[in-house]
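Lettered A, B, C and D in written order, each chain numbered from 1.
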Amino acid sequence: MDVTTILLLLLMGSIATFLAGDKLASKVALLFSLGALGLSLYLLNSLNQGANISFTGSWIDYPKVALAFKADGLAMAMVLLTTALTPLIILSSLGNPFNNSKNFYALVLFMSFAMTGTFLAADGLLYYIFWELALIPIYFIALIWGNGDAEDRKKAVLKFFIYTLGGSLFMLIAFAYLYSKAGSFLLEDLYKLDLSATEECWIFLAFFLAYAIKIPIIPFHTWQAKVYQKAPTVGTMLLSGIMLKMGLYSVIRWQLPIAPHAAKEYMPILIGLSIAGVIYGSIVALRQKDLKKLLAYSSLAHVGLIAAGCYTLTQDGLSGAVAQMIAHGFVIVGLFFAAEIIYRRYETRTIADMGGIRSLTPKFTSMFMILVLASVALPGTYNFVGEFTVLYSLSQANIWYAVLGGTTIILGAYYMLKMFQNVMLGETNAKAFADVTTTEAITLVAIIAFLLFFGLYPKPITDLVAPSIKEILTIINN
Amino acid sequence: METNLALLLLLSPFVGFLFNVFFGKKVSRTVSGAIGTLTVIVSFLLSICFFAQLNQNGKPFEISLFDWISVHNFKLDFGILLDQLSLLWLLFVTGIGSLIHLYSISYMHDDENMHKFFAYLNLFVFFMITLVVGNNLLVMFIGWEGVGLCSYLLIGFWYKNQDYNDAAKKAFIMNRVGDLGFLIGMFVIAALFSTLNYTELKTAIGHGGANAVMLGLAALCLFIGATGKSAQLPLYTWLPDAMAGPTPVSALIHAATMVTAGIFMVTRMNFLFDLTPEIQNIIAVVGALTALIAASIGLLQNDIKKVLAYSTVSQLGLMFLALGFGAYNVAVFHVITHAFFKACLFLGSGSVIHGLHGEQDMRNMGGLRKAMPITFWTMMISTLAIAGIFPFAGFWSKDEILMVAFEHNKVLYVIASIASIMTAFYMFRLMYLTFFREFRGTEEQKHHLHESPSLITIPLIVLAILAVIGGAINLPGSAWLNHFLEPILAAKHEEHALGTHEFMLMGIALAGAIVGILWANAKYIKQGFVPKADAEITGFNKTIYNKYYVDELYTFLIVNPINGLANFFRTTLEPALGKVVYSLGTAANGLATQGKKLQNGNIGLYLFAFVIGVCAIITYLFITHIAQ
Amino acid sequence: MNNILNEIGIENYIFLSVLLFCIGVFGVLYRRNAIIVFMSIEIMLNAVNLLFVAFSTYHQDAEGQVFVFFSMAVAAAEVAVGLAILVSVFRNLGSIDIDNLKNLKG
Amino acid sequence: MNTLIAISGLGVFCLIAEIFNLRKLLVPVAVLGLVAILGLTVSEFHTPNTFYNNMIVVDKFSVAFSSLFIVLTIFLVALSGDFYKDHPSKLSDFLAIKIFLLAGAVAMVSFGNLSMFFLGIEVLSISLYVLAASRRLDIKSNEAGMKYFLLGSFASGIILFGICLIYGATGYFDIAEIKDLSSGAGIPVWFPIGITLMIIGMLFKIAAAPFHFWAPDVYEGSPTMTTATMSTLVKVVAMATLYKVLSGMTTSLTLTFEMVIVVISILSMTVGNIMALRQNNVKRMLAFSGISHAGFMLMAILSLSTAAGTLLYYTAAYALAGIASFAVIIYVTRNKDNEDTLNFNGLGKTHPLLAAVLTASLLSMAGIPIFAGFFAKFMLFSQTIQAGYLVVVIAGVVNSIISIGYYFKLILAMYTKEAAEEKQAVPFVYYFVAVTAILLNILMGLYPSLVINLLN
């Protein structure tokens, strides 16, 4: 029993959903995603009991590409993030009807298949293939089921596709080059490789281009806000909840260990850029009129902090980054869902058109409030654990990083509370607002429960990822 | 057993919170209120038990519940520490907390969201307890941010009024500024000693050898945190606005308990601050200035709660003054007495507002002495206490502070004294305008004038009594408190042998207070002066009345630039960055349009290009061939 | 037997045929009448054929001359097709000026 | 060799069938015959052999490519049945011409002697001239034919001249002999010129810049069926032949010549992609994309000794994607007078399957993973990097990014625009060809070894 089963299950799920037809599609998809979740939990359990759930098989003998899936703690953490969020996302989408939903849900499952593959792949080319595969479904999801003016959307989505693909193609060159050196794409072989300083620097930059666009780190973020706004909320959740994490995970898994010296050399610039992203994102978010765009920029700020954590090249930085990735994955999905819930009732995403909802819907208000607090990293939520660890690692590198990065807890509170005030508080809104339905409530409660539980007891996740991070750090440091 | 009790002590209010969240709406308001109150009383009783036990065996009780956050160089557990300091705080937090809960049952009875109110109040008590009983800084930080959250929720309790929401937001964000300081401070300490646990820290720092600069930095950052929570310069402006919340909230959170968290934290970390005299000086100066400025603003405020708010700020300033001189026990002493009489004052003002159906402007009050005697007398006692009249509680604690100041720094002593004279003045101004001479409100208000129900008055009476006798816990001579706190404080605090110049100082203080009172009396009783309408206020008075325009200054210096930047980024920079990417595409398209001209369908041209190509290649090969 | 090339020398043949070839190319480039363009192309091919023969004599083997027959045949076939196309062009356009063939462009 | 004979036989049969009026049978028989021939060819894979003292050399290379050509022809023939249904009398001619064209193609990859090469290339070209101009009354078709003919025969002239010079330099037409001599000393200066001229002729056939001008016009003007043939079969043939010529007649390329290739490759990619951005006519767009692909394929020349397998893979991937897309294009534009992108609006709604296939094939051409196109590009890249030409690779990457621009224009049209007319029934053959081709493509993507290992 190894991790390939998860991939197969998701792939089969995607096909089954496609065949199930529009009526059943959502249910089938939900079923399979839950199955994947259960399976990955089972595998996690057997991993903790010391079983080997990785898989290596041969695929192409020239050029030498192997079907290698490495499932260590880190990878499994990300896989769980994916398989846990997918059902939630599907569940959240039950409220809105999609025309020919079979394609839609098939694409959703296919995307989560591709992303899981990206997290697991331990062979450069295989990894790259999954990386690109994840791009196709989101492109169509955003293009066909997106909202807003079609022409505008087309432009935004096409830009997103070309931009990200462009970035990753340079990564492809890097891989080709590494292959010409190592004669294999296997992760460990690439780790073993010792490159000259110049080579490393170019390789690093090639990777950086791919990841900086995906994550995104400013100034490569220009695709983000518009796509988030135009994509259907499910797409936005997939993008912000999981896909961004692909970039960050890849930084930890591929970029840093393969080109450690370059990473050390550029550390100040990289951390600087990331932190600039934190501040920039927060400030831009202050004045957003569109709820989804505001959340998009908030997530720009958060991933900036995560990236900064990654580039500190310290145990804390990396583990904090992972924690923050997971926490942010959940909270941002929750927030976008809250936006969607409001949209379902009021058909608007413009903050100005909202307000005074609180008195109409106590349940929703409390859940939304908790999510907002989580995203401003209130102690007791998992986000705090992540943010604390990351900031701590930054302060170890240089106290000023921590101070500047720490502004996020002020600015974050500013724009989030402002948003909450304008959206929920104030004189009772004239329009009626039905309180959350059961499925909506389940989704939100699940997310909140997760955040609170691990906020108080993060140990399981920390212990899960710590060994693999140590391993990676040893590779980086010699 | 003890562990369970400790847990109960901690969680009991949380249970109340959960109950009120999930069932509050179902049960009647009284029930939800009663539950809320009981849970706090439970904690109070438990604290008494622990207190008694501690008094017997004298050894603090510490347990670690579970591992929480771990970073490479240390593990943080979620632990409870019940020692002298935390128990002292627990006693008055839960004690006053219970009283105010009791009070609120009647005060909030007409509010449809009463169950929410009690939920928040319980949550606050829970977080406050967490803050106090945590055995390391990070647990304190949970409580620290938690109480901030509750104050946000309670200030904005009447969420339909956006001004209140703004006030709430302001409070939260300004606290966050402090919290960042707190975080950084923790980081520095963790980096230095790789622990945040108090006891371990105490020993670690005791060994010394740590880089003085870093220690100073840590202390400074922690103090910044304190200025946020305890409303000191420059972050004090949120506290007066926080009066937007219901009056019990102002009493509990913004007078008695939460705002003293800063003092608690500094006292907790006294072993750190003792090593950094420069920072202590900063603290002292900041405290003194805060005391003076806040008091001076208080002189001219007309909103009864605003006056009390500024007096709170200035009292807190005095406490920090004491902290700055390393007289932690004195500060704590004043914290406790202040908690008594300030809570009483707020509740009293609440009772007045309640009586006048929400009227808060003292210009429309007056002559309430007859109508609500209990409120009047209790408030009068507390006023005497805060003014520092012998033998009320405030006299002893404030006097101690002044003595300490006198010993260390005459200038600050003078400032502090002026501040306390002002205090005496504006407090009596408040009393006179509210309770004396004839009623200035509307006719139909006059009809409904009545003493508040007993649920309101009982807490008042209790607190008033405490305000009278509270000084007893640390009378010069007996000084129980000092002895009690000795285990906590690293540096021994020398006793005041009651000598002549101590008595002289007492006399001066008393005289100052009386001066202030007479001044007020002359102005508001003899002349019967009533403050002018806002429009007519002019000159320096106007500046003071508008709080020296500090808020406007902050808006101008910080808020506006940030918003301007936000606008600039959103409207200019973002599109520009986007264009950069698009421009590549447009460039390619431009090339294409040019290219289409070349592809003009003319066979001759195609053939020509062909031949040119051939010639070019051949010649190139030839040239290189010759070159070889 | 005495080989004629010994008197004249192979290079002169090469020059001649290159010259012819270039004339052909020039004709193709310069003239606009399709027929003449065909003819120029034929000149190019025949220039090559000439050279083939010369080389085959030079190398003292027949392969070159055989090849000439190939190329002639091919050229003939080519021209046949070409003329057919030309005819249909003339039928549709009423002229065989290749400058008129500019509908497909951009 | 047997392949060649069999193909010619099949061609003749097609002509005779017309006499006996067997039109109904024509397409099925032709397809079956080709399948049989495919089998025959493949059977020769492991028995390299030479015929008629090296006129024809059958080796792995020739067999592999011949089989590819046959497969492509099968698809093309299968499509012709419906394509020519309006004038059935011509069907047999067109089929015959296509099959003879195939014969030429096979000759071009299995020649052992330059005369065979020349014959092959001429058979191919002449059949194409005919096909291009085959719509007699359509002025565009005439123009296309005329342009192709003039430039084509001009190119043939150049090639012939090249052959002649080589013969003069070495005294042989047999490429094996030539190869031996080419490395030896005292080889006259016109030998490299001869090679160069031949190469230029082939560069013209694969439409590499600056010899590409004919391609867009001819592609646009010719009947779509012919365009399909050109852009898939012919391009592949020319590329394979170019590779065989170079690898067959020279031991190693000189650095200077590699520079020429580098420049031409980069030029073709860039020109092709940039120009394709602003095309509204699908055939024209694909013509330019073909030019850029020619540029990509030229990378193979840079690692001459090892690239055979990669080239086979690339050509196969490209041609299969091309067939699949053309199957859709032919269907969509079969009774339209132009091939404007507008015709594809809303295809996603009216014919989801066709739209999906077209999307897939475009993605494959753009080089998106799991489609063969990705591996094709990737292997070229990695080989070129190993050969030490990082510049070309970077240019290639930049171009693949540009190419997304126009490939996705079509996809966007299919999925976001509203359909002009409602859906009508699609003849099965289109589905068959399109789906089979794209499935083969994806299969190659999933198991690249299948193809690559043939020639490594």
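Basically, a contact is a pair of C-beta atoms (placed from the backbone, for glycine too) under 8 Å apart; a residue touches a chain by one contact, two chains touch by 3 or more.
Please read all numbers here as calculations on a predicted model, not as lab measurements.
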Task = From the Cα centroids, identify the chain that ends up most central relative to all protein Cα atoms.
result = A
Inquiry  = So the centre of each chain is just the mean of its C-alpha atoms; given that, what is the distance between chain A and chain B in Å?
reply    = 37
Ask   = How many Å are there between the centre of chain C and the centre of chain D, using C-alpha atoms for each centre?
value = 27
Remark   = Expressed in whole Å, how far the mean CA point of chain A lies from that of chain C is 67
Query = When the centre of a chain is set as the mean of its C-alpha atoms, what distance in Å lies between chain B and chain D?
reply = 78
Note = By the touch definition above, chain B meets two or more other chains at residues 585, 596, 599, 601, 603, 607
Message = If I count partner chains per residue in chain D, which residues reach a count of at least 2?
response = 146-147, 150, 154, 216-217, 405
Note = Flagged in chain C as touching 2+ other chains are 28, 98, 101, 103-106
Ask   = Every pair of chains that touch: which are they?
value = A-B, A-D, B-C, B-D, C-D
Key: Of all residues in chain C, those that touch chain D in their complex   = 10, 14, 21, 24, 28, 34, 37, 41, 44-45, 47-48, 51-52, 55, 58-59, 61, 63-64, 66-67, 70-71, 74, 77-78, 81-82, 84-86, 88-89, 92-93, 98, 101, 103-106
Request  = Using the touch definition up top, name the residues of chain A that touch chain D in the complex.
outcome  = 59-63, 125, 128-129, 132-133, 135-136, 140, 143-144, 150, 154, 158, 161-162, 165-166, 169-170, 172-173, 176-177, 179-180
Request  = Using the touch rule from the top, collect the residues of chain C that touch chain B in their complex.
outcome  = 25, 28-29, 32, 98-99, 101-106
Remark   = Touching chain B in the complex, chain A uses residues 159, 162-163, 219, 221-223, 225-226, 280, 283-288, 314-316, 319-320, 356, 358-359, 366, 373, 378-380, 385, 388-389, 391-393, 395-396, 399, 402-403, 406-407, 409-411, 413-414, 417-418, 421, 425-428, 456-459, 462
Query = Which of the residues in chain D end up touching chain C in this complex?
reply = 114-115, 118-119, 122, 125-126, 129-130, 133, 136-137, 139-140, 142-147, 149-150, 153-154, 156-157, 160-161, 163-165, 167-168, 171-173, 190, 216-218, 220-221, 279, 284
